[in-house]
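In what follows, a single structure is set out as structure tokens and then discussed.
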Amino acid sequence: MFSVAVLGATGYVGIEIVRLLQGHPDFKLTFAGSHSFVGKYLSDVYPNFRGLTDIKCEEFDAGNIPEADFYVTALADDVSKDIIPALIGQGKRVIDHSGLFRYKKVEVYEEWYKTKHVLPDLNEKAVYGLPEIHRKEISNATLVANPGCYPTCSILALAPLISQKMISTKGIVIDAVSGVSGAGRKTDLPYQFCELDENFKAYGVATHRHTSEIEQEISMLVNEEVVVSFTPHLAPLKRGMLCTIYADLKNDFAASELIGLYKDYYKNEFFVRILDEGKLPEVKFVAGSNFIDIGLVVDKRLNKVIILSAIDNLGKGAAGQAVQVLNILAGLPESTGLASPGLYI
Amino acid sequence: MFSVAVLGATGYVGIEIVRLLQGHPDFKLTFAGSHSFVGKYLSDVYPNFRGLTDIKCEEFDAGNIPEADFYVTALADDVSKDIIPALIGQGKRVIDHSGLFRYKKVEVYEEWYKTKHVLPDLNEKAVYGLPEIHRKEISNATLVANPGCYPTCSILALAPLISQKMISTKGIVIDAVSGVSGAGRKTDLPYQFCELDENFKAYGVATHRHTSEIEQEISMLVNEEVVVSFTPHLAPLKRGMLCTIYADLKNDFAASELIGLYKDYYKNEFFVRILDEGKLPEVKFVAGSNFIDIGLVVDKRLNKVIILSAIDNLGKGAAGQAVQVLNILAGLPESTGLASPGLYI
Amino acid sequence: MFSVAVLGATGYVGIEIVRLLQGHPDFKLTFAGSHSFVGKYLSDVYPNFRGLTDIKCEEFDAGNIPEADFYVTALADDVSKDIIPALIGQGKRVIDHSGLFRYKKVEVYEEWYKTKHVLPDLNEKAVYGLPEIHRKEISNATLVANPGCYPTCSILALAPLISQKMISTKGIVIDAVSGVSGAGRKTDLPYQFCELDENFKAYGVATHRHTSEIEQEISMLVNEEVVVSFTPHLAPLKRGMLCTIYADLKNDFAASELIGLYKDYYKNEFFVRILDEGKLPEVKFVAGSNFIDIGLVVDKRLNKVIILSAIDNLGKGAAGQAVQVLNILAGLPESTGLASPGLYI
Amino acid sequence: MFSVAVLGATGYVGIEIVRLLQGHPDFKLTFAGSHSFVGKYLSDVYPNFRGLTDIKCEEFDAGNIPEADFYVTALADDVSKDIIPALIGQGKRVIDHSGLFRYKKVEVYEEWYKTKHVLPDLNEKAVYGLPEIHRKEISNATLVANPGCYPTCSILALAPLISQKMISTKGIVIDAVSGVSGAGRKTDLPYQFCELDENFKAYGVATHRHTSEIEQEISMLVNEEVVVSFTPHLAPLKRGMLCTIYADLKNDFAASELIGLYKDYYKNEFFVRILDEGKLPEVKFVAGSNFIDIGLVVDKRLNKVIILSAIDNLGKGAAGQAVQVLNILAGLPESTGLASPGLYI
């Protein structure tokens, strides 16, 4: 049994990590850090945990770090900036959810986050925590930067085709839709029920930070600088994400060939499910789980491939992936505690 | 490892049982009976199961019953009527979800279901499958009639007060609200998305069959014939149920006393969570779990108690309870495979 | 054409009044008061008004009141307290939405609102703005207190039976459900999308202020002090309200008789629709309109009547009723500008 | 006052036309044709109309056509095929909602609808009913083919840029999202509440018929054969549509220039609202109205324009547009009866 400290346990990502640890046979939550709810029972903040845990929310800071085998931080970038160096300095192994350590080049971070990167040395040690692409480096990592939800959903959908150079690196369009929990446990007016229910909208058009994560990873896969058009949207659902990705095929491929390629590429990946021809992913097939479902359609008239990928933004897009990485760090089978089918209904 | 056959595996209750068995350490689904999807993979009918099971839906009838340690039937009353006698006749242990075997007196069934009860002998053997009230009989039962969702939510909410004779048996009002999955996987117009989204309505006023189940059980608890006013409503959510129950207190009790009584009454019940004074249950605290949350408020002006109880209609209201009963039948700890906090978000 | 100033135009009630005035043939919005959005175009705050109005939000206070034929205030009680005396002092006719002037006896206000009533003299002049009950007084009123949404939905549902003394005044239970807009344009955590979507809960049990409004009006109708049990709930929808009301019939009445009584009682009321036997109101039948739909069921086993009434909490429950009252004040036919069927879909 | 017969009055498009006629000063619904509800009051099928209309649903066929000034058909293609020739044969003026008469070339219809076009002569007379593009032809038309919802939302969003040849005709991607009412009043399983709530999915990828309508109209505007990539999605809302359109700019334009161009292009169009720079459309700003909101963003990194357009699929996407066309046919100001801001909440 490994002990895990979650710092930032009462946000939506944090509490999903807590939920997954609760059902995990080899991990135990031993510390629930939360600045907002210090001293309160976690089960008072999230009453679905009543009767299942008597852990209390506790204060923490760089000078006051609890003992644990592993650390997961689900904090604002500002807070991660102070905490992570202290953790790493004490030799701890950390999975971080901020944007701070997701970039090979700090300049990319600085450009998209409009702020100076103050921890360039630490950044060098960080590994991008997408197991299907970086499993080996993750297994030895001290600091893992858990990918954003949109990047996870986009990169895995593009990886086989782009790394095999079967699509043009020009003109890739990623049109993405997220459930509202992706914004975190915010109280701003735009996230109020009456403002989002029966609504649908785009946001951050041409400026969303996750664009740069996607570009970094697919550029690396094809070994060429790639830029993409990325547009996120908000749909009136709690959890779930669908990416619709458009790319130009370099040759005349049938959908079946491409699907065969994907099945082969991901043949050892438990969490990647490639759909048979004619089937399309739906958010409800992955909500509550750590799976990513990928379907492909070829538009012969345009020689374009449309790749559709679905994840739970809190699952494979955040907390589920964090636990998958924890499994790797701890040397456990990767699907341990993560083989839930989610809730269809 | 015990084998379980689920007959009627592709309805909303059936598939929830499948989901719970999937995460259960001691049960294995060995047969998924479904008249509608014979020959199809279960994971094609409910694609959230892709990669997790390769079981196929199979045909079944009274003359063609698969081998298994336990049987769960989630069928229309009409179909249960044919299948159950065959199962029992072969010495199988069965948990049934129809209304057929829930009544001590077949006349009550006949009155509320407007049909002749054709299996009165078999009915004599049946046990009402509410573990918190009938645990002992369940443990020896051959045929368990799993309670309706509204009765589960109402009976457990009333049991301590009514059995202690602290409330008047006259004038009890049960106002209940259910998520849409309670209606099953129907395709009738009233269950279409555009007809229910942003809607709220009552149905079956003064005639809902579950009234009679509630009356049977609370009458038994207080050893007196009790009739109640019961009104179900439909809210635009997939799963979850809330009962608001109004009863007249016989004496001048404080809420704290009543809450103390409830905590004591249910002190050994893992799945019953009594809320502290000032706290109220919400559907999202129990959705996806097998818990029932109960809160109490005393209206001193009226000397009335308002009892609020929440369950997941598919959880403690159906499939979760079935698995809880399976655990009892198999001699396992009752919470085995059922200690999930559900999904808050 | 009469000019109307709306003070508090950017809350959910305020903007619904603006919307109704926009489609009204005889009223024109000439002033949109909003402390939060001073200087902004109303169509920037609510972009559905783009191209339809170029009115800007303006500041206002007791010493700085715009000219208009009529005034509607949709303000917090605290703000109404300062503004209303100034308006009335200048001889203006006002429809107020706060709780301040809804009570015949200031002591009732003080008890339920836990605060001293500082304008008892002004309160004497106020008329409770429920046209179906107080039409005559309204027509001559200077200050009209627009009723709460729950009281509107409850009082009209009970009026025929209680005023005819056909139900017991003891034991009346009002179980009510509201859409989220009833809470106003709040940004508190409990009203965040992810906290309410797929959720259902009760609130303010045994303490909701609207209880006292309901009691005042039905007591007056039966000429006897009546207390009721009232429990409000929140459902995941934007607008709409359903009340399920339980009362004991004094004699053995058939539903058809009661429905006949209701049809007769309300025979001249355009906005009150009494449903035929066997039909029940649904929120979607009234959402977006100024109608109240009322259905009745008799539970012969208990000799109880269950009255179901539905309104749009922003329509007949607030803004629609305000415009209905405006029509009365201006001597217009009551349904002018209010004969919309709402949106079923 | 002109009389209007609606054939197919009880589908979601039909009843929205009825709703709009109800509030229209110059049109009166005189015939509500409905095969499914013959003899029933329209207000029994859609009870939001109770008290507002006493019209009954009536049977109709090619040999039995009611008298009226104008005819709107909201029927399946199969039924339109029989009815329209009869109407036109009798010299009636008709607005049809099927796909039958939307194409200049019957071959396009035959290719995308996979069926022989049996009325090529009649097709020659038909006008594509998008007033902002074909106003003049519409005004003289006998048979108007009301455009599909996706085409309306896409064509108007692309028209200024494509007709000015400022974007490449290659590589246009239209990613669209619709509310569920777009599917009509269906009872198939995929449209059941529990199957769509909290879900999001694509459908008809690379094969949706509306693709061909979009291509026809933008090809005509640019006088060149254009093919587009079009992907529709379903979001859990009742009404509303958002298109996110990606196109390559031929030169280095600033967003402000493009927005200026759009404002100029649509300067006389009441129903087209061009948003200022930095503002994006949202479904809730147009739901319930006949407006289309269009916003533009330039991604300088890619020299791509992202055009966002929002309509109500039942409004400007169907029934609203039909009434706009009716206004043209009748020689009325185009916004008559259509100047509603819709419902924000």
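As written, the chains take the letters A, B, C and D, and residue 1 is the first residue of each chain.
Throughout what follows, a residue touches a chain if its C-beta (ideal position, glycine included) is under 8 Å from a C-beta of that chain, and two chains touch if they have at least 3 such contacts.
Because the structure is a prediction, the values reported are computed rather than measured.
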{"item": "Both-way neighbours, i.e. chains that touch chain B and touch chain A", "value": "C, D"}
{"item": "Selected pair, greater C-beta contact count between A-D and A-C", "value": "A-D"}
{"item": "Per Cα centroids, the chain farthest from chain C", "value": "A"}
{"item": "Whole-Å separation of chain centres (CA-atom averages), chain A against chain D", "value": "38"}
{"item": "Whole-Å gap separating chain A and chain C, where each centre is the average of the chain's CA atoms", "value": "46"}
{"item": "Multi-chain contact residues (two or more partners), chain A", "value": "12, 181, 194-195, 197-198, 236-239, 282, 284, 287, 345"}
{"item": "Complex interface listing, chain B residues touching chain C", "value": "171, 173, 175, 177, 179, 194-195, 198-203, 205-206, 227, 229, 231, 233, 235-240, 242, 244, 246, 248, 280-284, 287, 297-302, 304, 306, 308, 345"}
{"item": "Residue ranges of chain D touching chain C (in the complex, touch as defined)", "value": "12, 15-16, 19, 22-23, 46-52, 181, 197-198, 238-239, 270, 273, 279, 282, 284-289, 291, 293, 314, 339-345"}
{"item": "Sites on chain D touched by chain B in the complex", "value": "12, 180-181, 185-189, 191-198, 236-238"}
